[in-house]
Structures are given as structure tokens and as C-alpha cells.
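The structure that follows is given in the form of C-alpha cells.
Note that the chains are named A, B and C in the order they appear, and that numbering of residues resets to 1 at the start of each chain.
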Amino acid sequence: MRLSEWMIREEEYQPGRDRDYFISRSFLRVLAVLISFRHQAHKRILDKVPPRTVLILFVLWLFLTVSAHTLAFLLCQLAGVLALLCFLDGRVIRHLLGAAIAAMLFSFFLLFPALFLGTGNRTLLMIPFKTFLTVSSLGIVTELLPWHQMTAALRAFRLPQEVIFLLDTALRCIVLLGERAGEMLTALKLRSVGHNTHKSRAAGGVLGSLFLYSRDMSEEMYQAMVCRCFTGEYPAAPSQRAGWMDAVLWAVFLVYLFLFLRMEGI
Amino acid sequence: MSILVFRDVCYAYEGEPVLRHVDFQAEKGQAVALCGPNGAGKSTLLRMVNGLIYPDIGSYTFEGTEITAARMRDHRYSKWFHQRVGLIWQNPDIQLFCGSVEDELAFGPRQMGLSEDEVKRRVDDALVLLGLERLRRRAPYTLSGGEKKKTAIASVLTMNPAVWTLDEPMSFLDAEAQEWLLDFLKSLKEAGKTLIFSTHESRMVRELADLRLDIRADHGAEVHAV
Amino acid sequence: MHIPENYLSPSTCAVLGAAMVPVWLMAVHKVRREIPREKMPLLGIGAAFSFLGMMFNIPLPGGTTGHAVGGTLLAVLFGPWSACLTVSIALLIQALFFGDGGILAFGANCFNMALVMPFSGWAVYRGLIRVMPAHPTAAAGIGAYVGINLAALCAAVEFGIQPMLFTDAAGQALYCPYPLQISIPAMMVGHLTLFGLAEIVFTMAVLSYLHKTAPALTDGTGIKGSRPVYALLALLIAGTPLGLLAAGTAWGEWDPEELAGQDFLGNALGYTPAGMEQGFSFEALFPDYAVAGMPESFGYILSAVIGTALLVILFKIFASFLPRSADYDAQAHG
């Protein structure tokens, strides 16, 4: 095979100045999301938690948080949230608390003007605190339950099968597409060796081919499901038997309900 | 001076070792074959050669410069480095994002600030060499697997890197195209380019490689002359 | 032994705080280098032990109370530098959230309980273990006794020099009003007897319990808290309301109003030192481990749970910033 003269030559290349932080930055963001989902997908701390009970109790727990009037009860809930957090991985705790504190600060700034309108300090303190509690408990629930279990448990709330199927597929796609996007952005970075006047075009190309890929993927997934006798009907999952974990979770919740009734003076 | 040197490189992902004590060096114009079972760390090693990840212990030196996270944060250096080292991904879809094959090939040289004439010459030469002329206006995603792979190779060729890294280059190619690729890589080697590729094909190792780096399932590695 | 706000002059606090800065830096450096990432959450559990130990108040005839600290225990388990860091963080949580120990006096409290106590206790323990290698638990107990007494002595000296250095025009003390000849005996009587004994019992009981249930922990090879360790923590949390049985206030920890009624100078002091009245004040979330609107004992347990959880979480987060260590020479697993 005959190579052209320039292919044989040693390349003399001195890059000029150009900033391509945009690649590194979007790259990092994609990776962060991806890692959190991937992490979600395998590592389970408590693999015995019954998803349905957890979801039902979580809704009731949030109801208690929202309707509480006394700081004392919220502090009891805080103790519960912190105790559960102790059993999670350090990095997870960091992300989770970061999100919860950010949400708390946000709601605090929203309420800030109320401080001058004389609505009283109590509500001003209480609402950001409640935000913190709800966001961090949600974080713990998503950490305890993998996505696929959560969507399965949603059936307990009588959601239509189509919705659950869509949710399931979407979540799976996020993982696969995220992985794909991470690799494509790395490839783009490797080839971005100089001044790029069309950054948006390159990024658009990545998104475009991702879209095409996802279209192909969903089509193929449907075909693969048809080959496995999928007829459009999603079989209902067998109902789970209640185990000792359900009893423990309900017991803990009843203690909190008792505390709520006592402290709220109902 | 060796073009790249790995000294006692160890690397772990999430606390699990992926490479243990990898020691090897490649001279300019040599071809190194990475062999070993799936999941042994071949792709990880290629990513490290490309400056995408860095050793936890030990060092990786490229043309006398140690490649570290701090070194690669220097944009000028990292761009110069990425031009010197080209990577062909196992799955060519990852690499292609432009509207047409022609644009895909011109992406690298345009970034390097070459004149339009030079860019055109390189694109034309590469298209001819890889037999892609009739596809030049097609969108990459409409191509077949083999054509995509060739487009990906051509898009790196137009940047004329000194070191070629290839992850399972034979996958996606039919027998004829494999024959062609082997021939192409031999020519690159003759032209003084350094090649590092992972492969499962013994023929490729026999005919092309000077060194064989065996990465075992326990992530250790040993070098053999071929 | 927690010196409250305004008992020491700001300059005393500044001096002791400044003395602690290099110690903390050194401790962080040492811990980073010597404690593997996986072992870090264990330090959190250690800090939680110390935190809970300090909630068990013991009454002494005459109305004052005291408690164990566990500084020597931690030094024996994890080394003196780790103990310094963990006790400091336990003290920080107490000062910030529970109003136990002043914010300005934080440096002074750390000097006594996070520097003097673990290092002296550890030195005694190391010395004794050479003499009696068969009884490490006893050596730790004696080290703990020496540690807590030296720490108490330091606190007494810090209290006692205040009236010598800082008085107003009328000769009234600005901060702590008791000179050395009162503060030293008052502090030491308690610590040489009951509180020192409590520290010995706490240290030896926890050590021998861990020795039996989690031997990997005591010989330094373990990297994980095991079920018995958590069980002990839970037991201590549930037991914290016992600390409420001690009705009095620890010597040197009175509220300013309470202080005026103390009669260590022969008759009641009769005034509140000016530096205290106008001093810095900080509103803790749960002052004195109590929560408004719930029974005292329940508030105490709640405080214990929150404090323990915060300590474990803090150390886990700290650990997550460290690089994971991988063993490249172990046999590969698959």
C-alpha cells in the first residue's frame, strides 16, 4: 500500500490557544449522572427492604412532615433521617446532604422577604427545615430502592401498566445513553486538538447521533421483546408476602405516628 | 529515547485493581500487541496511553514527559498530545458525529489550523486510500459497520498522529477488510508510526507486532518479544 | 470539664486556640497518612463513644457533677493523633449543637480534653505496657485516670489565672472569679475520686467488651465496625437519660446567674462578672441537650441519636474525599 507523502512525514504541530472547557464540563456532568445511576443499579445496602411497604410508608412519612406544627416532632424525624444516613456510603451521604442543604437554602431565600413582613419567625424556620427533611428522606428512599424495584412497587398504587413500562424503559435508556454520551464526548475531546470554530455543531452532532442511537435502540428492544412473546400486555407481578422487614418498618412508623400525636397535641 | 514508557503502573477503579505493576516500553516505529482475556485491562491501558486516566502508582512517560492530571490540564500540551496520539475505538459509532464522511475527515485537520488546500488534499488522499470516495457525502450513521470503521480510521489518519492506538481494530470488519487493515497498519509501521493495539487474533500479533504484552486475568502483565 | 462561654477571657481563648491550630493540622496530616480510608468511619464511631460518654453525668456530694471523656480510650484504640482529632470533633458538635462548652472556649476545651488527655493517657499506657505486658486493659485504665486528671488540672489552671489577670476597677473579676487556690482543689477533688474512677471504668469496660466481641478492633487490624460495636452504641444512647439523675451543675459550668449564688469564696459571690454579662453568647440548637416541647429524658435520647449520627456521618464524608486504597499485590479475586 502506498501512503501519501504527508502521512509518512512526522507532523509538526503547535497548538494555539483555545478553550474547550465546554467539552470537559458537559463531559463531567454526563459522567456524574451516569455514575449515580450505575451505582444505583448494583450496590444495595439493604437488599431486604420491601419496595411496596417502603413507598407507602414514605408517602405517609412525608405527610407527617408536612403537617407537623412543632419543631420537636421535626427534630424526631431529623434524628431518624440522620440515623439512616449513617448506614450509607460516604460519597452517597455527601451527594444526598448536598442536595438537601441546597434545597433548604433555596426555600430559605424564597421565604426571606417574609421575615420583614412580620409573619413570625416560626414558619420561616420551619419550612426550610421541612424541605431539608423531605429531600433527604427522598434521597434515602431512592438509595435504598433500585429504580426497577421502585417502578415495580408503583403498581401497588394502581398505576397503568403502560406508565410503568415507559418509566422502566426510560430509566434503562438513561443509563445506556449516558454511557454512550460519556464515550462520545471523550472521543470528541481526543479529536479536539486545536481551534474549533464550530463547537456547537460538534456538540449538536453528538446529540444527534445519540438521538438516532436511542431510536434504533428502542426499536430493537421492542423487536427483541416481540421475539420473546411480548404481546403488549405486561404481566402483573406476583404480590409479595409480608416479611419481618415490613413489620419492622411499620413498627418504626407507628412509633413516629405516636410521637406525632403526642407532640402535636391532637 | 523510547516514545512511551510504563514504569510499574498500577490502576484501580473504585478500589478494584484493573492494572497491576505493568512495565513496558515502546520504541518509535514499534508495534505492541495487547493480548489477554476480556476484562483483563486492555482497554484501560489504551485509555491510559491516550491520557484519559492516570496511574495510581508508577508512571507513564510520553516522549520524556510524564503524563499526569496536572500536565494534561495544560490545554496547549494536552492538545498537542492528543494530536500525537490517535485512538480508534472498538465501536466506530462512538467516534463519528459530523454530518458527512467528508466533514468527519476534515474535522481534525481544520482544528489544527491547516490551510483549506492542505485539508482538502488530506481528505481526498485518505478517502482514496480507504476506498471511501463514493461515500464522501453520506452521513456516517447511514453507513454499514465496516464503512463506519474505515471512516473512523480515516478521520484519525488525516490528523497524522505519531502513535496509533487501536482497540480491537479487527472487529466490525469482514475478511477482506481485515486483510486490507493489516496491510494498512504494516504501511503505517514502515512509515515510522508507533502502533499499540489490543487484539484476540494471533495472526495480527504474528505479522505485525514486535512486542506482545500479555495482560492476565489477574491484571498483571508480562512482555514478550514476537 | 467543658468550659462555658465567657469563663475565660477572650485573650486566653485566643492563646489556647492558636496553640491548637498546629496540633489540628498535624493531626489531620497524620490521620490522612496513617488511617486507611476504610477505617475512617470507625473514627466516627470512636468520636460517638466519647460524645456519649460525656453525656453520662455523675453527681458528687456538694452539688457538682462530672463525666468520663474517653480520650485515652480512643488514643489506645486509634493512636493519640486520631484521638485528638476525634475528641475535637465531638467537642465541636457539643459546642455547636448542644451548647456544651463555649464556642470561644472551644480551643481551650480542645487543649484540655483533645490534646492533654489523650497524649498523656497514651504515654502512660505505652510506658506501663512495657512493665506489665500481660495487662493492657489495666494499663489503659491507669492511663485514662492520669489523662483525665491532667486535663482537669489544666482546666483548673485556666480558670484560676482569670481573676489574677482580669479584674475591673473595683477589683471584681471580669471572668471566672475563682483563683488557683480554689479552682484547683475544687476541680481535682471530683476528678481524683469519682470522675477519674468513671473514666477508668468507662475505658476498661469498653476496651474489654471490644476485646471480647471485636478483637480485630483492639489489635488494630479491623477496619469495620461490627454488630457488637453498634449494639454498644445503641445501649449507650438508650442509657443517656441516666445522666439526668445528676441534678447539679459541673464545677465551672454554671450559668452566669447561677454563678452569683455560688459560695466558694466563703460567702456567695454576690455579683455576676462583667465580662460574662456582656460576653459573647451563642444560641445552640438544643441547649443542654434539651428540646422544647418534649420530656427531658426523651430530649436527651434524641440529642444522643443526633449527635452520634452527625459524628458518624462527618467521618464518613471525610473518608469519601480520600482516595480509595487498592491492594495491588493481593491475590486477584476472579
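Everything that follows uses one rule, which is that a contact is a pair of C-beta atoms (placed from the backbone, for glycine too) under 8 Å apart; a residue touches a chain by one contact, two chains touch by 3 or more.
Because the structure is predicted, anything quoted here is derived from the model rather than measured.
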Third chains touching both chain C and chain A: B
B-C compared against A-B, more contacting pairs: A-B
Chain of greatest Cα-centre distance to chain C: B
Chain centre separation (chain A, chain C; CA means) in Å: 39
Cα-centroid distance, chain B relative to chain C, in whole angstrom: 59
Inter-centroid spacing, chain B versus chain A (mean Cα positions, whole Å): 35
Interface residues, chain C side, partner chain B - complex: 323-329, 331-332, 334
Residue ranges of chain B in contact with chain A within the complex: 50, 52, 75-76, 79-80, 82-84, 86-87, 89, 93-99, 107-108, 111-113, 118, 121-122, 125, 129, 140-141, 155-157, 159-162, 183-184, 186-188, 191-192
Chain C residues touching chain A - in the complex, by the definition given at the top: 40-41, 286, 291-294, 302, 305-306, 309-310, 312-313, 316-320
Touching residues (chain side chain A, partner chain C) in the complex: 70-72, 75-76, 78-79, 82-83, 85-86, 88-91, 93-94, 97, 263
Touch list for chain A against partner chain B, complex: 1-4, 6-11, 13-20, 180, 183-184, 186-196, 202, 205-206, 208-209, 212-213
